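Order as written gives the chain letters A, B, C and D; numbering starts at 1 within each chain.
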Amino acid sequence: MLIAEAVGQQYRETGWFGVLFTAILVSFLLINIQRAKMGKNLYIRRIAGLNAIDEAIGRATEMGRPVLMVPGLSDNVNAIAVQAINIFAYVSRLAARFANPILLCCYNAAVFTLAQEVIRDVYQEEGLLDRFDPDSVRFVSDRQFAFAAGVSGLILREQTAATFFLGEFYAEALIFAETANSIGAIQVASSTEATQTPFFIAACDYVLIGDEFYAASAYLTRQPVLVGSLVGQDWSKLLVIALIVFGTIFNTITVQSKTTKAWDDDNGVYKDVSERQNDPKQSFIQQLATPFLPKMEVERPKDPEAEANK
Amino acid sequence: MNLILQSKVPNFWAQPFNSQGLWMGVIGGLIVGILLFLGLMFMPAQFRRPVVTFCTFIGGAYWVLLYIFPAPIDLQKTEMPTGPVESIGKWLTDANPVVVSISGTVTAFMLGLGIFSLLSIHLKRISRRQKDWVYSVVLLVSLVSMTFFGYADYISRQGPEGTKLDLQANWGLVNYGRDLLFDGLLQQMDAAMFSVIAFYILSAAYRAFRIRSVEATILLSTALLVILSLMGAVAFIWNGSVQHLANGNDFLLNFQLTEIAGWIRRTFETSSLRGIAFGVGIGALAMGLRIWLSLERTGGGA
Amino acid sequence: MQPQKSLGEKLQSLPKQVLYLILIVLTSVPLFFPVKVPNEPLESSIDLYASLMAVKPGETVLLASDWTNSTRGESLGQFNSVMRILMRHNVNVVLYSTGDAQAPRVAQDAIAKLNQERMATGKPEYKRWENFVSVGFFPNGEATVNGMGTSVRASFNGKKDFAPGRGLTDVYESPILKGREKVSDFPLLIVVTGSKTSNITVERLSGKVPIAFAVTGVMGPETGNFYQSQQIVGFASGLKGLYDLEGLMEDGVNTPDKSGNVVVKSSKYGPIPGFPGEKNDGQGRAYYPTLHFAVGLLILAVIIGNVGMFLSRAGGRK
Amino acid sequence: MHPLFTYDGIKVTCGVLATVGLYSVLYRENKFYRFFEHLFLGLAAGWTLVTIWVETLKGPWWDIMVGVPPEKAGDPIGNGNWAYILLLPLGLMGYMVFSKKHNWMSRIPIGIILGLWSGQQIQIWYNTYGKQIAGTAQPIWPTTLSSLTVPNYDKLQLAPDALAAAKSQVYLSQAITNFLFLVTVVCVLSYFLFSFDAKSKAVKSASSLGRYLLMIGFGAIFGSTVLMRFTLLIDRMYFIWIEWFNNIILNRH
């Protein structure tokens, strides 16, 4: 009974290791954020795509044409959208200083609300609230391809000089990229969907691949919290790598160690060779990842009412 | 706690349908909500951030708790929890559908903002006779008519008679209207816009797929190989000829097009995707953590 | 007057519109002359077919139908093939969607068509409520699927479908959902999708129920990722997967056809019958040949571009 | 009557016109496209307004709040949970975003949604990636050199146990594949190490190798995606030429 209370259903499904591992990752992040806060200065490598932002805006200013931003097609406001908006806050801060018109097209009402609020803040902090046009942050549509049609229409009519597609992009990625490319806009793009990255690579000037997107805000603003968490992420990645390498070595050895008779197909005879348990569930690392705890019965009092309803 | 843990219905939280208690609850809740609203409006500024932080934390705390707090082991509907630990665990699991509905519902209420933004832009354009104002009229007209026919159709489908309308024979004007606007136009335009990508792929590939750098060459050659392997006819001919050459030599059979492409995809595509996925996953985790604990300020002030 | 363009430059700067026009022609003409192209099914497709055929008659499977007409080109065919197999096996289906508000409607229309086809061959109707229930759409997919992990009943709570004579009725009153509280009470969960819902399902339900996918070609790679790590039992990806499936329905696995030779071999499975003689071919058969022309054009365009580049380089060196 | 003048004829024709209208942008931005673009946006917005109630609010919110007439006495579905009303003012707080003074309030609903999302990230992380980490750790040393590649089991015709034994070997080719798989994952992952000084040789070479391996992956992705896109185009062409031109205009079946 006590065990049943201590070890919940989910631990029997994913195992204690999962919770522990997540906890370690979380602690890594918190530790490094703390380190950074305490003024430890931490190194970040160069990320090409991000240095292009200033260049892009500068170019837009010369041409006096607007900068277009799309924070991805997240179904609801989530970290990806927030991260994109954080980057766009940086972009529009520059744009505001150069009195350059901006266009921020949103796919989701909640994201629109957040963007509206954040971008207004930016202009306020810069003391340029008079330059802020609420219509420059707009909700286009929450239907994927209506959104695509609307945004490409905007790109073509407004002849945007610089376009930023950062966030969660799906099939429509290439529609935006090629449209913007056809009017010679300078493009910085990134999709957290790895499957869309090759299309951005084919059509855009600068592409942030995968995780670089999450590194962006740390790289641009150098806020201690962000830098710290970035270092924490690196630790976590190293931990994952370590686990993989350890698992591989351990696995290889276990396979080698067990020997038994097995079929040698060339000479058509039995001979001594080590045998691998080819059922992955048998490998140590797999068991660590997902232990198969036996089903267990728990004695409980019956609920009279529920019994009655049954 | 007792108030929340009530499993019997009806109870304080769940009142019978259309009962007086229910409507009093609804009205009471509404009043409380409005008071809360006003209270927040006139709350001193220094409490603003704490409030937001608190709400965010509570939201995240639920899922984290659900994850780490031991859930009762296959607790049947007819059984009662054995002790405090189990009853809390049960409460967490039972709360799941409630929590689930929150973000969807709240976002739904905010949709008005999106529509408001649309309307404000296009009404302005019309009233000021700006360039392309005619198209704004088109947009508004289509918006209104779709809304009208959509609801009319929906209402006509309510009740036990609703199934009848699955047959076109029983349709009325509103059903035809909705069908034309939605199936006839909206869905078709979805498909059309989606398929436009095919053209863009062609032009993008033609422009960008040049053997300039090592990277470009790798990308190009892998892409071509995979494409060919997925074209049944090509694969069939290639494989056929390999099988012919190999006649019985199993080793050579590995050079069938599908084998090579399959090997590349298994070995490099899957793995590189996985590499990215780990990175992005950790990134999302970190971001989630920062947001949950309000460690960073959204808007990333420089 | 402008300087004459060299051949190399010309080849590198074909106007887009011309390419587009050729593409339209190439994707239109072959449609009028459908032919059968030879094909070898992928292992993942065979696994999907096997897992579908493994479900026993009278069982109830969950089918997440998360596609709409925007991916009709691939998903409709896949959905039809999957449903044909299940219907012929008299497997009951619980339809739900977390992908798109329209998905349930689209799926029902597809089933209606399949029903006509089925009854035309003299088979009994595949009845709503007795053979399949449409649970409808869940706006907050991630959380809903998450909830299904704990209790399907709780997540389907308050969802209704048309019961004959009774109008809208709580889905859990349907005979086919009797006693299926947890997701593990279902022998199989199939997701036919053109969107991210497949990932969401794996993230939250993998290990709790066998999962099989029919996804669009673009999602093939990431789905392969789950397949490799055995989080899903099998999947069909894109038109190729669909064409495989249609082929498998015709030939079966490790089963000889009329002329006695086994078309599809697999060391993984024993003989799995097909449905020779029934209507197995659909979109796959109609579109797959045409695809070859379109892809051919793409490859040609890339080659032309590169040839042009080399020519102009050579010109430069002179 | 000619099918073009039936309802279905009109419906399909509308679809064709819309398709052509949107395609016209491929030539260049024009009035025809602009018309259908705005029509598209309008219809989409209208449809959203419909689904917002029909799909999003009616079932998951309203019905749960006010309950529904119980099918039979004491049926829990019949009860309404009035507390759901509190979500309404919560959602409305978002509308304060346009007010100069109280726009901060819009951060409360956003905060809650974000909080829920963040918590889920922590909840799902391991369930998503745990198995993948484990699946990446495969033996990288062969257990037998009797055959360099995986033998063709179908041809061997072995007794079940012998077959199992033969299948359970790690052949050289598998070992190499597993090794390459491992290397790819590790290198790609190390390409995304941002805080390590690239001067350190190991990291540098690993990450640059990672980038090349990424390109192989991207190439393969591109390859497998292309076909789908063309499929959708073919589907459109089928719609135009067969379902419209052939079946309706030419009235052939």
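We take it that contacts are C-beta pairs under 8 Å (C-beta built on N, C-alpha and C of every residue); 3 or more make two chains touch, one makes a residue touch a chain.
Since the structure is predicted, the reported quantities are computational estimates derived from the model, not experimental observations.
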item	value
Chain located farthest away, centre of chain B as origin (C-alpha)	C
Two chains joined by the most C-beta pairs in contact, as defined above	B-D
Length of the line joining the C-alpha centres of chain C and chain D, rounded to whole Å	14
Chain B and chain D, separation of their C-alpha mean positions in angstrom	9
Centroid distance [mean C-alpha coordinates] between chain D and chain A, Å	14
Residues of chain B engaged with two or more neighbouring chains	67, 71, 77, 99, 101, 103-104, 106-108, 110-115, 118, 132, 182-183, 186, 188-191, 193-199, 201, 203, 205, 207, 209, 219-220, 223-224, 227, 230, 265-266, 269-270, 273-274, 276-279, 284-285, 287-289, 291
Per-residue multi-chain contacts in chain A, two or more chains	14, 19, 22, 25-26, 76-77, 79, 82, 109-110, 113-114, 116-117, 134, 140, 142-146, 149, 157, 171, 194-195, 198-199, 201-202, 209-211, 215, 230, 233, 237, 240, 280, 290
Multi-chain contact residues (two or more partners), chain C	16, 20, 23, 27, 70-73, 139-140, 143, 146, 157, 207, 218, 221-222, 225, 228, 230, 240, 291, 294-295, 298
Overall pattern in which the protein chains touch one another (line/ring/star/complete/other)	complete
Residues of chain A touching chain C in the complex	13-14, 75-76, 144-145, 170-171, 182, 193-195, 280, 290
Partner chain B, residues of chain A touching it in the complex	1, 4-12, 19, 22, 25-26, 29-30, 33, 76-77, 79-80, 82-83, 85-87, 89-90, 93, 106, 108-110, 112-114, 116-118, 121-122, 125, 134-135, 137-140, 142-146, 148-149, 157, 171-172, 174-175, 177-178, 181, 192, 194, 198-199, 201-203, 209-211, 213-215, 217, 220-221, 223, 225-226, 229-230, 232-233, 236-237, 240, 295-296, 298-303, 305-307, 310
Complex contacts: residues of chain C adjacent to chain A	16, 70, 140-141, 195-196, 207-208, 218-219, 221-222, 230
Chain B partner contacts - residues on chain C that touch it in the complex	14, 16, 19-20, 23, 27, 37-40, 42, 68-73, 102, 108, 112, 139-140, 143-144, 146-147, 150-151, 154-155, 157, 162, 164-168, 181, 221-222, 224-225, 228, 240, 243, 288, 291-292, 294-295, 297-299, 301-302, 304-306, 309
Residue ranges of chain D in contact with chain A within the complex	22, 25, 29, 33-34, 36-37, 40-41, 43-45, 47-48, 74, 94, 97-98, 103-104, 106-107, 109-110, 113-114, 117-118, 121-122, 125-127, 129-131, 133-141, 143-144, 146-147, 151, 156, 158, 162-163, 165-170, 178, 182, 185-186, 189-190, 192-198, 214, 217-219, 221-222, 225, 229
